[in-house]
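One chain, subunit A, appears in both complexes that follow, with subunit B as partner in the first and subunit C in the second.
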Partner chain A sequence: MTTSPVSPPRSAPLAPTPPAAKPAPATARVNDTAVSIGAEPSGRARWIILGAVGLLFVVPILSMVEFTFRDGLAGAYTLDHWTVLFDPEENSRYRQLFAAIGNSLTLAVVTVAIVLLVLLPTMILVHLQFPRLRRVLEFICIIPITVPAIVLVVGLAPVYGVVTRLLGGSVWTLAFAYGITVLPYAYRAIQANIDAVDMVTLSEAARSLGAGWGSVLARVLLPNLRRGILAGSLISVAVVLGEYTIASLLNRQNLQTALVQVSKSDPYVAVIFALLALLLVFVLLLLIGRVGSTRPGRTSP
Partner chain B sequence: MTETPTRTTDASTAGSAGTAGTPATGATVALVDVTKQYAGHRALDGISLDIRPGEFIALLGPSGCGKTTALRALSGLERIDSGSIHIDGVDVADVPVNRRDIGMVFQSYSLFPHLTALQNIEFGLRMRKVPAGERRRRAAETLDLVGLGHFGARYAHQLSGGQQQRVALARALVTRPRVLLLDEPLSALDAKVRVQLRDEIRRIQTDLGITTVFVTHDQEEALAVADRVAVMREGTIEQIGTPEQLYATPSTAFVADFVGLSNRVPGVLAGERVTVLGTALELLGDPQPDGAVFALVRPEDIRLTDSGIPATVVASSFLGSLRRTQVRTDDDVLLSVQHEVGTHPQQGERVFITLTGRPVAATPRA
Partner chain C sequence: MTVAPSPAAPTRRRRGWVRYLGLTPFAFYVLLFLAVPTAIALGTGFLDAEGSFTLDNLSALLDPVILGAFASSFWVSALTAVVGAVVGALVCYALLGTRADGAVRSTVDSASSVLAQFGGVMLAFAFIATIGIQGLVTVVLREQFGIDIYADGVWLYQVPGLVLPYIYFQVPLMIITFMPALQGLKPQWAEASATLGGSRVTYWLRIAGPVLAPSFLGSLLLLFANAFSSYATAAALISQGAQIVPLQIRGALISETVLGRANVAGALALGMIIVMVVVMTAYSVLQSRTTRWQQ
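Presenting the complex of A and B:
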């Protein structure tokens, strides 16, 4: 059984009343006695929550870090697993892994390009010219999150048969599938920004000042959607870097599939690269937060 | 000038008080039989309007009457279904908004948030490929014109609502457009700023002599700034005339009711005269069928006197330079009477009222 932190224990002794205590203001009394459901947690509660959640994330990561320094099962530690990565003579062992990193980065770039060149203009067009289609677009963009990757692959396999015939089997073609998987995330990030900007009035104002649609887009809309575009792009990069199922089932090699392969022969290096990938995603998320909070002229009065 | 064929007051003699002596540098504007439908609803039902160079016209009416649609049609932001729109005699109905050479100020603050005030003002000049030096000079001059010379480096979120609308006005003016369109630019501002900016818009418009169309639902605003006011209702122009004409000689009951305050007093119409509270008054506007009507009598057309129609004071309000007193006649007609502040009737006091005898508009009594 749990007790509300603000409810005094029933058996607690009554504290002596100060002799000339001034009655507390009504609001203070209400705060003292009200059950704080939905209220902001106190400073101590915040630290406890932060600590618990932090532990949940930090323990596995620290375990991974610790693992990369182990020297076999003897209990000793070594830097060899890290230094070997930068040893030119040993590099050939991990060529496949470095190639996979290159593949993933290429996929990230092409996927972001799909988001920026297909999704973004569609969203802007729907918002400005066809607002009634907004719900339909939203529904379409959310669908991939409800479809398991394995189902997606089953559907995509015959499509990729055609894609391979037309464009070859290059790894970058996987970005077409990734363009679909990142839709829900990129859509949300961009739509949040679109909702925060009165795009209709801004574009009408720009048009009335003599701007053509190209100028409206380049000089007014995109600068004001910068945060959403960056957030959507960075989230897409994070999703692409972490994707395994589709690449594996369509027989393409990316960072995740290569990690699984390498882990069979050298688990230390696999964990090191997993850590580096986590670090990269962490930096990307920090960047999203930083970009999202910046505003022109923020520091000026 | 002009007007719907049937319900109009001749404005040819109306004069443009505000533009008297002002060099007319603005363009002529004409809307000819313009219609616009939205899903079967006629937002504009064949409106025609002629605007003289340098004239300040207000489109006044309740929500949904089509005033904003008319402005947007004029700007090119809405395509019209039929009719034509002429600026300086050229039909611009098919000219896109960015080529119409108009300046527009919107109801919502429409400054580009990522640009400073000065950069916002430079935007239109940049679109016209004006060299950087001249662009900056003209932007700074226009910012000075609206009294914000020191605020050029500020972003929109660092300006108050009134300041943002001043910058928006400067941005619309800096390109020296042929026509300035103002879409309820004051409605989001608080009362004091609204009056200040309203007067400022009028001053700048008079100085520049630019043809201006101002959309508002606030009759006080329209009457205060416009040379002529077009009262709109259900997609048509009900009446167009100077503020004085609209107030003193409304051509329809709607105009009388919408512009200024009116008492709806039961009366009987016979021919061209309405008998109200025992007094026969001349009927304003188009002839109507005889019978029971509500006459629309202005509060200042009723006087508190020593003898006349007996009534009882219900309430009395001090309005600064005048006082408005509500009285109830023995026939249970509630009337608002406007009079000088010196007279202060008390609630429940017995008084007498008389009508000044000015002509009134009337609407049929169902």
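Presenting the complex of A and C:
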């Protein structure tokens, strides 16, 4: 076996350019075919849709930017709201906010670890070994949508009483609750990939060629599931960094609760931090996305 | 690899409970952090202040104010789910054929992840800056075009004010949840359709459409559930009153000083979960149809 993931024709839609079997220079021509038979939009249709929607979605962000430069209600503009952040004497007021950002990043990492170490192996195991339990697993994974955070938090309070006694009250323990919150999203992302890849045949083929289970997992299943795993991790990060309900009602500090606190005394700084947080997370997700798409094995057909 | 079992004992034949050991971490985790909290939360709806069984809290669900909150939650969720699903699906379609590792796709993916679930509190900030009383769009419309969007009163801090912020996180969520399904369309189907003389319309109406329909409706229901249970944006935007169900629950939770109100939260949660169970049951049915054609 080579190091490239096993890509039988069935999993072709997951490859970067749909018909993976064709050589790379043919990409443009392949897309032309897809457009002419109607499977893909034409270039013009694509840019009209993306342009219109993109424009509408940029307006609130631009409004936030404009707001941070306002000097009161008079209509004049100032840089003061930004410069104060770089003033060592002034920005100590926001130290709590920086700590809260650190808390949220820690929570994101631990939550993704829970997704990858608890949910993902279970999904693969169920799909390969317990086909009858697939529906049960799916049912369990969508329960957190049926049980919203604000309902869950009532019951989580006593549970966290126990958790705090056993593991201490540090902020990362909140990730146990967040692992449940992200369950439906992570599940959907990974399952969509599992559904599109014939994992049973792939693993049986690899096994019959003499691969051990570790090899099957590392060199056949995970490479074929990488887009789902990546998508699941990305949405988990976004969910955790945006989480407000559970943190605020369990009295823990995270990014969102800190923003609400600051906005009451200084709306300009709250909006600046909201913008920076949006940008930071956007760049973070962009980086993770780039790393995921340039893994070895992608380039060699 | 060294982990290969001996040929005489294929994994499929492994005996009894040992096979199930691999499932225990997940089962234990879900039991502890999902099943137990849910049981505690719903159980309080049936308890009175002394902790004995009662159905009195449930009668609160018939209160006109609470029924009104359910109605508001319902129409806001339905409206934003439909708009979000249609616009989101259009964006997904526009993204077909772009390189999965290209700049366009990764930008849209990242932006969607950011907005779909990162928003919450910050979307309230964004829309106050946009269509607040002194918001950029409000001011431009008033001073350049003479249009006063608040001629009939300020609606941003009321239920109608939730519609635009909610759509702002519904569309990206649709892109995230629906894109994998759209990408799952096999190019061979379009080629086969074209080879057999099918037109664009034939392909989308009779092949891609039916294949995608369960996924689309499933995503639509997911969006509805997402809006129905959304709390942070509303909490940050609506400071006075509790016009939607999640705000009612919070009100009941934090007003523990008012005797007997705390357990009303449990009853409200129960009412909310009944709606959610109906929606998510329909979702499950659609999901089973999604997997049926793939097997």
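In this section, the second predicted complex is superposed on the first by the 216 of 301 C-alpha atoms of A that agree within 3 Å, B and C clash if a C-alpha of one lies under 4 Å from a C-alpha of the other, contacts with A are read in each partner's own complex, and residues count from 1 in each chain.
Just so we're on the same page, contacts are C-beta pairs under 8 Å (C-beta built on N, C-alpha and C of every residue); 3 or more make two chains touch, one makes a residue touch a chain.
From a predicted model like this one, the values you see are computed outputs, not experimental measurements.
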* To do: Based on the superposed arrangement, let me know which partner A:113 touches: subunit B (first), subunit C (second), both, or neither?
  => neither
* To do: Name the contact category of A:201: first (subunit B only), second (subunit C only), both, or neither.
  => first
* Could you say whether A:224 touches subunit B, subunit C, both of them, or neither, answering first, second, both or neither? => first
* **First, second, both or neither for A:105, with subunit B first and subunit C second** => neither
* Thinking of the overlay built on chain A, is A:209 touched by subunit B (first), by subunit C (second), by both, or by neither? -> first
* Asked: Touching A:49 in the superposition: subunit B (first), subunit C (second), both, neither?
  -> second
* To do: Quick one: name whichever of subunit B and subunit C touches more residues of subunit A.
  => C
* Using the superposition on chain A described above, determine whether A:84 touches subunit B (first), subunit C (second), both, or neither. => neither
* **Contact residues of subunit A, present in both the subunit B and the subunit C interface** => 211-212, 215
* Would you mind writing out the residues of subunit C in touch with subunit A in their complex? => 1-5, 11-12, 19, 22-23, 25-26, 29-30, 32-34, 36-42, 44, 87, 90-91, 93-101, 104, 106-111, 113-123, 125-127, 129-130, 134-137, 168, 171, 176-177, 180-181, 183-191, 193-194, 199-201, 203-204, 208, 222, 225-226, 228-229, 231-232, 235-236, 246, 249-250, 253, 265-266, 269, 272-273, 276-277, 280, 283-284, 287-288, 290-291, 294
* Structure fact -> Listed in rising order, the residues of subunit A that touch subunit C in the complex are 9-10, 12-19, 27, 31, 33-41, 45-46, 49-50, 53, 57, 59-64, 66-67, 73, 114, 118-119, 121-122, 125-126, 129-130, 133, 135, 138-140, 142-156, 158-159, 176-177, 179-180, 183-185, 188-189, 192-193, 195-196, 211-215, 227-228, 231, 234-235, 237-239, 241-245, 249, 256, 259-260, 263, 267, 270-271, 274, 277-278, 281-282, 285-286, 289-290, 293-294, 298
* To do: Within their complex, state which residues of subunit B touch subunit A.
  => 75, 77, 96-99, 101-104, 106, 108, 110, 112-116, 123-124, 127-128, 153-155, 157-158, 168, 171-172, 175, 181
* **Touch list for subunit A against partner subunit B, complex** => 197-198, 201-202, 204-212, 215, 219-220, 223-224, 226, 295-297, 300-301
